Structure formats: C-alpha cells, structure tokens
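Chain lettering (A, B, C and D) follows the sequence in which the chains are written, and residue indices restart at 1 in each chain.
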C-alpha cells in the first residue's frame, strides 16, 4: 500500500476519517517559497463540508496545523508536514458498517484488502475526507506554479442532466478562471447555478445522490513539459485524478470525440501567433506525444454519484454471510461534484509541479 | 525523462524508430516461470505492421532477441532484456521532419523538450513502434497472470461511426475473450468487421485516418487488489493506458454515464452467488475505492486518428520560423485501433501484475 | 530533497529541531499487526535525551502521538503516522548560528543547499533529534521481524580508546542480544562500562566530545534475502546507516580485515549443521553476493565525535564574510554513541523489513 | 529484484555472465550532450579482462553496441541503451556449480533466492562481468560531470600487505588524478607498483587470491549537494559502492579514525581561502550533514579477495545434501582490486550525477 505520489514533489497522505488526525507530508519543495497562508485556507474552505444544504452536515474547520517545513513564512526545503484534526466524529453512526458492506463504497474491497483490520468508521483511510490534505498540497503547488505564470481553474461541466458549456480551449484566460471563484457554483453559464442546485436538492430530497463532470484548465504552461510514454502529462494527471474518490473517467482535449473523427479534422495545425508557435485548434488539450505543446491543458473528469444514500439498498452481511439490506443513516453529501472542483484543481497543480521539476 | 514503469514489476523501454534497435528490460519477474515463446511471438504478430491493407507497409519481423533473464526455458529472476532490431528503416523519408512539425505528432513538443537533439526520424523514441516491447512485456505478464487464473481480452468497440456492442460486464467469460483472437478484427458483433474495414479503407483512400475505441476486460481477479488513493487500480491502469501513443481518454465501468445517474442506480448492490460475494450490476467496472471487488474489470480507451495523413496540412517550419504546409509521404497507418488492441491488453496485464505483487 | 526511504516499507520523516513537531509516516505496513505500545515506548526512551550525565540536558518526553494507521491495537494497513512534540526548545540559544557556521555540523552545507532558508535553530531538519521518529519506525519494524524469528541487537564496540570485544559472528544468539538491554551501557565485556563512562565524562569535563563504534547483529534471517547489485543487503543497510547523523563508516563482517587477507582464509566454507547449510566461519557477515546466506548479519558503524563542543573553534561568519571564532553554549551531548545504539538497531530493522517484503 | 538505481539518472542493468549479452539502459540523461566514444572505450578497457598476468584469461572486447539514445554524436534525451556481447564463454567450465556451492560467492544465496532457477554459469547475473555496463554508465556520467568542473579519480590504497599513501584530502588536484591513469597500477607512491604486482602474482602462484582497498576522490563539487537523511551523499555513494561485488566496507574522510578522536580534533574548522569558504582540514571527506561542503569528497572501500581460488575448499553439494570439496578450475582473477578501480570511479560518478540533478 502506498498513499504516496511523486518523485520530484512527493506527497504522502495519512489519516482515517474517524482517527485522531489526517494530514500530508510534502517533500521536495524548493526552499525560500513565501507561502500565503490565507490563500491556502481559502482553498481549504472551498472543499470543507458543512457549509450549505448541498453538502454533508459534518462540520470540520479543516485548519491545517503546520508541523515543519515553514520558518518565518518561507519554506525551509525540509518536508512540509501538516496535521488536520478530526473534530466532528460520531463513531456510533458507523458501527453497522463493520459487517454491512455499503454498495459503491470501498468497504468490501477494503475489508478483503486489509483482512478486516481496516478502520471501517466513515470509510477510514478511503474517506473522501482525505482529499483535504490533497487540497492543502494543491494550494501550495498552485502558489509555486503561479510564480511560474501557470494558473489552474475548473468548473462544473455537468451535474445530472444539467450541462454547462465547455471552456474555449484555445482562448481560455486567467480572468475567466478567476471569475469562477466568486460564483456560488463554479459554472461558465450562470443560468446553470440554479439548475444544478435544484438537481442536487431534488436528489437529496429523495434520499438519493447525483453525479457530474468537472472540466479543468491549466494555462501558462510552456511547450516541452512531460515525457514520452510512462511519465507523459496525461499519465501523470490521470494517475492523480483517479486517486480522487469517485472519479471514474477522464478525457483530454475533445476526448471521446476523437473516436469518430478523421485525422484531418483532429490534428491541431500549427501557426505563428505573435511570433510564437501555437495550434489553430486545441483538440489535443495542450498535449501531444505526452508533452505539452504550449496550448492550454484541458481535461474533464467524470464523478460518480456519492455512494452514500439514504434509500434502502440490498447488500451482504460479511459476518453472517447472508444477504441483507442497508439504510445509511450517517451524514453524507447528495452530490460531491461541487466540493470536488478544488480537489481536481489540486491534483492538476501537483501533477504539473511534479513534471516541471522546479 | 523516464521511460520506465513500476515498482514491483518494472519495465524500462528503450529505442528510437530508426535507430539500431528497440527493446525493454523487465525487472522483478519471479524466477522459475516457464515462458511459452511461441505465444509471445503470436502476441508480437498481433501488433506487427505490414500484414494487410489496413496498416502501414513498413515490414518488421519484430522478433525479440532475448539477452538475459531466461535460462533453459525458465525465468532466472534476473532482469529479462530483449532487443528488437529495426530492419526496414527508410531514413530518407523523414529528413523534412527536422524542420516541418507534423500536426498531432510529438515533433514540436519533443523538439522543445530535448532542445532539438531528439531523433526526429519516424518520431524517434515517441514512435508507436515502441509499443512492440510493451507488447512483449504484456505477453510475459499475461502468462504469469494466466497461472493465477486471470485472463485479459479486448475488442474494438468503435471505429469512426461504427460501434460494436459492449462487453456484458457481469457475465463476460474467458471463452468470449478467446473467441476474439481468431477473428479478422476483434469485435463482439461480427457484422462490424466489414463495416469497420470499410471505414478504415475509405479513410485510407482519402489520404486520411480514423480513430476509435477499445474496450478491455480483465477477468479472474480476486477482490482486494489495489490501493486507496495513488496506487489505485484505476490510477495504475490509466497511467499505463496514457503511455500508449494516441490514447486520449479512459473510462472505467459505465464511465461518463455516471454523470447523469442517481446513486441508487449507479451503486452496485452486493449479493451472494454460489456462496461468493458478487455485485448484481457492474457499473463500477470491478473497482470500488480503487480496489478490485472481484467482478470483471472493464475499461474503455479512446484512440485518436493517426496523425500521419497524406493530405496537405498547415504547419510551421521551426528553422525558418515561417508558416508552411506539409504532405506526409512516408508509410503510415490509416487506423491504428486494430493494432492497438493487443497493446491495451498488454498494459492491462502489466498493471495488474504490478498490483498483484507475485 | 527526500527524507524518505523504501519501496516496500516506506518511511517519510518530517520535522525540525525547534519547530512544532517531528514525526514519521510509515507506509506499506501489513494490516493486522498487533503493536505493543509499551515496547515501542521502551525503545523511544533508550534514545531519549536528558536521562543522565552522559547526554544533553534537553528534556523531551518523546511520546509519539499516533495519528492514524492503528485501530483497536492493530495496524489497519493505512499509513501509520505519528507526531512527537518539541516541548523543551530554547530558541534563543541558537540565534548566533544564523551566521556563525558550526564546524562539523550541517550548518554551512545546509545554508548553501537551501539558500539560507533552512531552519538553523538546533540544526533544524538536520538535527539528531530526527532520529526519534526513526527509532519509532524501527521499533515497529522490530516487532514485525520478531514474529518472523528475527532479532536485532547492538553493542558499543568502541568509545574513544576503549574497545569492547566483538560479537561471535557464528554463534551469537538472542539471549546475548537481550542481555545487552539491561546494562547501563550495552557492551559485551562489562568492565568496559566504567571505562567508557570515564572516557565520556573526561571529554565532557574538557568541553570536548568523543566518538566510537557500534556493532550490530541481525539473527534469524533465512538465506535468500536481498538482491544482486543495487538492492543488496549491504547497499540497503549502508544507505540507511549513513542517514544517521555522525555515521562516517561501515563494515560488514570482518570488513577492512579483508584487505590483507587471502581468499583461502576469507572465504566462508559451507558445512551441514543439523541438516542445514551453514558456513564454518562468518567473515562475510552473513551476506554473500549481496544476499543473506543464513548466518548472522554483522556490521559495524563508525560514529564521529559530536561536533557540538564548548571549546572555542575557528569558523566564518557568512553574513559578514569574515573569519571569526565560536563557542557553542547550548546543551549538547559529549558523546552520542550510547544514544545511537538503538538508532542503528532501528535502521537495521527497517532495512531488513524493506528487503523481506512481508 | 531490482538491478536498477536512481531517480534522476536511472541505470538498469541486465545480463548474465554466460547469456547472450549484458548491458544497461540509462534514463534521465539530458539531451544534447556530446559523447566522446573513444574516452568511453578507454574506460571500458581499464576494466576489461585478459590484458595481463594479473587478471583472468577470459578475453572479452567489451565493446558497447549502442542501441538508442545517441543520434549524430549527441544524446537525444531518450534512454541510452547498450548491449555488450558475451563472446568468450566456456559454459562447460561451470556445470559442477549447479550443485557445488562456491564459498564466498553468491551461488548458494542466489540458489535459494531464485529457487534454483538462476543461471549458475559463471555467477550468472551476480558475475563481476556486470560491472562492465556500470563502467559504461560511469564513463558517460564522468563526461557530463567534467563539463560541470567535476573530476573523479581513484588509486589502489592497499593490496594485501602493501599500503599506498593516502590522498591529501585538502589539496588533491586534477593533475594528480590524471597522472594515475598512465601508470601500470594506479598508486600514489610508484614504488608500490612492483610490490603490489608481486603480492598479486604470489597469490596467483599459490592458487589463491588477495584483497585490498581503493581510495577515491571527487573534486570540483560545490557546497550544497545532497540531502539530509536518506539521500545523503554518503548514503548515495555507499548504496552504489556496495552494489559492486566484493566491496565489504566503506569509510568517508578519516573514517574509523573518528572513533578514538575528540570533537575538537575531528571538526573541520572553516576559513576563508581566496574569498571562498573552505575547511582547514578535511576529516569529513567533503561531506557534513550528508551534504557537500565544497571540499574534495574522499572515500575508501574495502575489496575482499576474489572468492574464486584454485585451492581445494570444503563446501556442500545441494543436490545430494552432503558435504564435499571443490576445486575451481575455471578462469579467474587472483586480484580484482586493480580492475575495480574504474568501477569505483564509475559508481562515484553515477552517484554525484544523481544528486546534482542536471
């Protein structure tokens, strides 16, 4: 088992949903980076639960306690370690989960994987709560990338039946990405905010949940980042994206539309724009041959509906080895897409930082 | 740069399309595995070029010369290294590519990445030709997995506008996977063979190319393989899948259909089948929480149309820094989907072997 | 920078001597290991400072606060993370160290390495204090190895001019190793306890420090552990040993005595002992060809005298770029050999656990 | 099993002494390095066997056949792969080794490690012959380091009872290192050449072998290279050094002399020399806190006598499980110290290149 990622910038996650604390150790950060703690906390609060009717009622302040790696406001070059306490834990909610496997969750595979010794409370180490330290690491990565002229932003491109429009893959700019941050839900077409909220609240009302998609853009990356084959930009980002619980698909550029397209349409022809080599279209999402070509990097992930639902579900009791049913009564999110936006941005930032090797 | 993958089973690729040879070093193989060389060569020939009108006319026997790691028919436990000679190289075809960047190819990003020192002939190290050693490694991995009861197979699920039906994610069996190997094109619905060939030949006739999709199934994996977060099954397989040139998207299970689905439909409920814990549906493609749940692993990749086309394309000359046009006259494939099927199976095998830690 | 070790069992250290806390994340531990916390704390106290006149007066309880990875007394298989608070920090002692480089310490190379941003207080991340989490990891590793029949022990083989006798490399047993734990100083010849204490106290009295050697034995390892070349047992143990501050040399088996020996004397001839293959001598310290041969693993490390001494030393002021002198007034150890014994055992345990791949 | 080293510059060895070929894949080399092939071949010949009465009569030209990674004389940035053919193999010499374990060799541990499937001919993958590709990688590394002002050289510091003088750790310069290359044996005191040859030939005459020591210097490294703890300079170099068959000990700087020294003597005081910060002495061998301090890096390794000797030795027959005797009749070296000098330089070069992260 390895809850660790990266050779240049390495992040090692730890923690379980209802243990003492969760956190991350980040290794390989350059020394002398001035970190804006307020901005980090802003990022943390974008993911934090308990803020509105759209998410779980579990309240966690999610304040990262820095143990090491920062001295007088600057990174020291030594590992940056944080601990986030688990404060609002209600372990009694979870006792039945020791035997009743929740459909769609890691309960059963985790039980087999760890011989029944895994902490089953709230999903244990599998909990989406572990994305909090990922967001922390992403916030640090974003600040470093910012100093290199790289900006990352994402929007909800779909929730249930409501589809937002897509990024303009050629012309997307920082202003558009920044504008997303001040919206109630980060969408390109503001009319979708109410529609998406309705979609989520409707699912909630029915004791159900709903899925969606998130489209992410990375702008400002120069051509020549990444590697052929195993450390390609797509390999790196997808590796990280599928580390985020509930992600079940990823497309780069126009993705599956490539399947029924001719090469003559799919190829992004080169041109000179202000003396710089650019492509006329950006079907490849800024990556060809596994390496950045200087255009915006665009990818989209599919988020499955939260497996935790109030509705009765059929399952098995692994203790008695019988079929049974289960109603999940704990606190949970009717939709995690909106909370996952900052997580997807975080893994994009971590992936690019890994490849840039500052 | 790192053309290497894996901690338990490590493969290190080397070679350039028009250099002396290409190959792979495989580390971490257990000793004492009897390797069926004929079956390996069968796998190599599934990918080899020059066989029919659907692929490039470059003829390469692709016979792997084993340097080490096998003694008297069994793996020794030492690194297994092979070299495949480049025999049918026509370097004159490629001289213009030093300055004229082919759209959709790695030429330009590669040129920037390596400061112009990359071998530009035939794509150099970025060439799809490097998937030959991947197929070799995959063939070895398949044999080891076979002894563990695991079988891997794939079919073309789409070429251009022709869509094959999907695997039955719950009931897919070895027989169905084996049957695919004897078909002219590996599809589930035989009527699609002619249709897909027509789609490819039409593109070829027009000096164009066409993309598609490949769906892959891994059956026989027990529950409990994989890890939460960064070494999840999805992270591992997607990392490898995007290492295959031209792959631009991947979905696990029902993939993007999760986006507009309710949790109550998406969740795979558990049941007991012959005393074993199974799921009633397999929307998650055999993986929940990043770990196998004992159901077939199902994923689908998107393959973009071959960027090499005969049609005139607009591009830039990086030597003179001017806009220009390019007609690619070398040998190339109108479609690589059919040749990529065994490559996708190979990376699936390598990924599972990495996770199983035999 | 990478304060991390291991592929199978990975430990990631964090912390700085005068920061909020230090700790370690251990990944790859099998689930279901019952951990004896009392024994872990015993190991911690073997290294802890402030116990007697032989070590620094800095008092640290060194109690590890477990954040995750243990549930109801057993490992969960998720990362095991601990934080140890820095309680007795006197940062005022260290202010001059920002500019006056202490001879023999990491101050100057660290300042260059991190562009002056490293936490200079008490050596920051370079501090010997970071061996506390190493001891924790080692204590966990020892318990797992114990269940595999492997025991690790070490003794002080030299302090200054006082030499202890060496382990009997062929016949060393668990009893002898256990006996070392109850002695005031772990030596084979009890007469050396007083002599070594005198050697240390004499150095202390003179405001000086003294070095020594530690010999370590690992018994119970079967033949066949380790790898040829880069992951040999010697490579793994030496890599870890030189991670311990102040270690400047390591020998396996008879070490440098091999240099003036003939092969006919040096080779350990095989024999059958009770049906098992053993060697008649153990000059190779239990390792041939990088792999264990079933005999006790024996190695010895050289520990340099603590660089912190009260005596005036010549140095440079890097702020003013002038030569100057320095008297170190903080608390420090006249000898760290006795505190390092458990650290050397710890890295031996971590190394073997890494190679065994439980 | 992992015959691979390095994160930034990765080398993966392959091959067995009597297989088809041996070689190495080097990943992570920067593109655009002009490689001097003649100089590489010079380095190869420094290690090659069959040159004089001091080494084995096995004749191998050891010419590396470059498969990839070099184009028009420059590195392409893609993996640099070479194959060296095994031409002078006499497998009949080795058949008895399947059952009769040679003392001091990897035969027995290797047999257990690989369940008897390892290639036992000539030591298989454990053979010292595998140091040929290490020398190749080292020769490439040296050329890159040279362009950074770093030079590496080594001398035989001991063979049997003959001791050479030590490097002047403070003042050692490139001229002195270069001078070693033109000597019949690389020693600092030329009188030792005849004495060492006599020592070797005497051992040879008696059907025996003899060990020794090699001292290596790395000059021109700036302060600030390396890391605290696990990726320290000492950890990196020792890891590599113990990968070289027959190395059984390593000391940095004055090594074991630290054990009976006071801190006031051991510490290297800082001074200003021509405006640069230097140390007055260099007891620490250029490394403090695991990081270079700008002084020459000095280390010494112990090489055990070649285990292959003609004299009768007692051993076991693992097939019949009986005690027996063995006379090794194959070709072998009475001393490998002189051939190992360039190997030690090679691992020093690889280690420093890994740490410098060009």
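One rule holds in what follows: a residue touches a chain if its C-beta (ideal position, glycine included) is under 8 Å from a C-beta of that chain, and two chains touch if they have at least 3 such contacts.
Given the structure is predicted, the values throughout are model-derived calculations rather than measurements.
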Rounded to the nearest 5 degrees, what angle rotates chain A onto chain D on CA?
-> 180
Sort the other chains by how far their Cα centres are from that of chain C and give me the top one.
-> B
Would you kindly tell me how far, in whole Å, the mean C-alpha position of chain D lies from that of chain A?
-> 46
Please work out the Cα centroid separation of chain B and chain D, and write it as a whole number of Å.
-> 39
Counting in whole Å, what is the centre-to-centre distance of chain A and chain B, each centre being its mean C-alpha position?
-> 26
Listing for chain C: what residues touch at least two other chains?
-> 1-4, 7, 13, 78, 113, 125, 228
Chain B contacts chain C in the complex at 7, 78, 228, 357
Per the touch rule above, chain A residues touching chain B in the complex are 1-5, 7, 13, 101, 103-110, 112-113, 123, 125-126, 130, 158-161, 203, 206, 208-213, 222-232, 234-236, 238-243, 245, 247-256, 258-264, 266-272, 275, 277, 279-280, 284-285, 287-294, 302-309, 311, 313-316, 318, 321-323
Tell me, which parts of chain D touch chain B in their complex?
-> 1-4, 10, 12-16, 19-23, 25, 27-29, 31-32, 65-69, 71, 74-81, 83, 113-119, 124-125
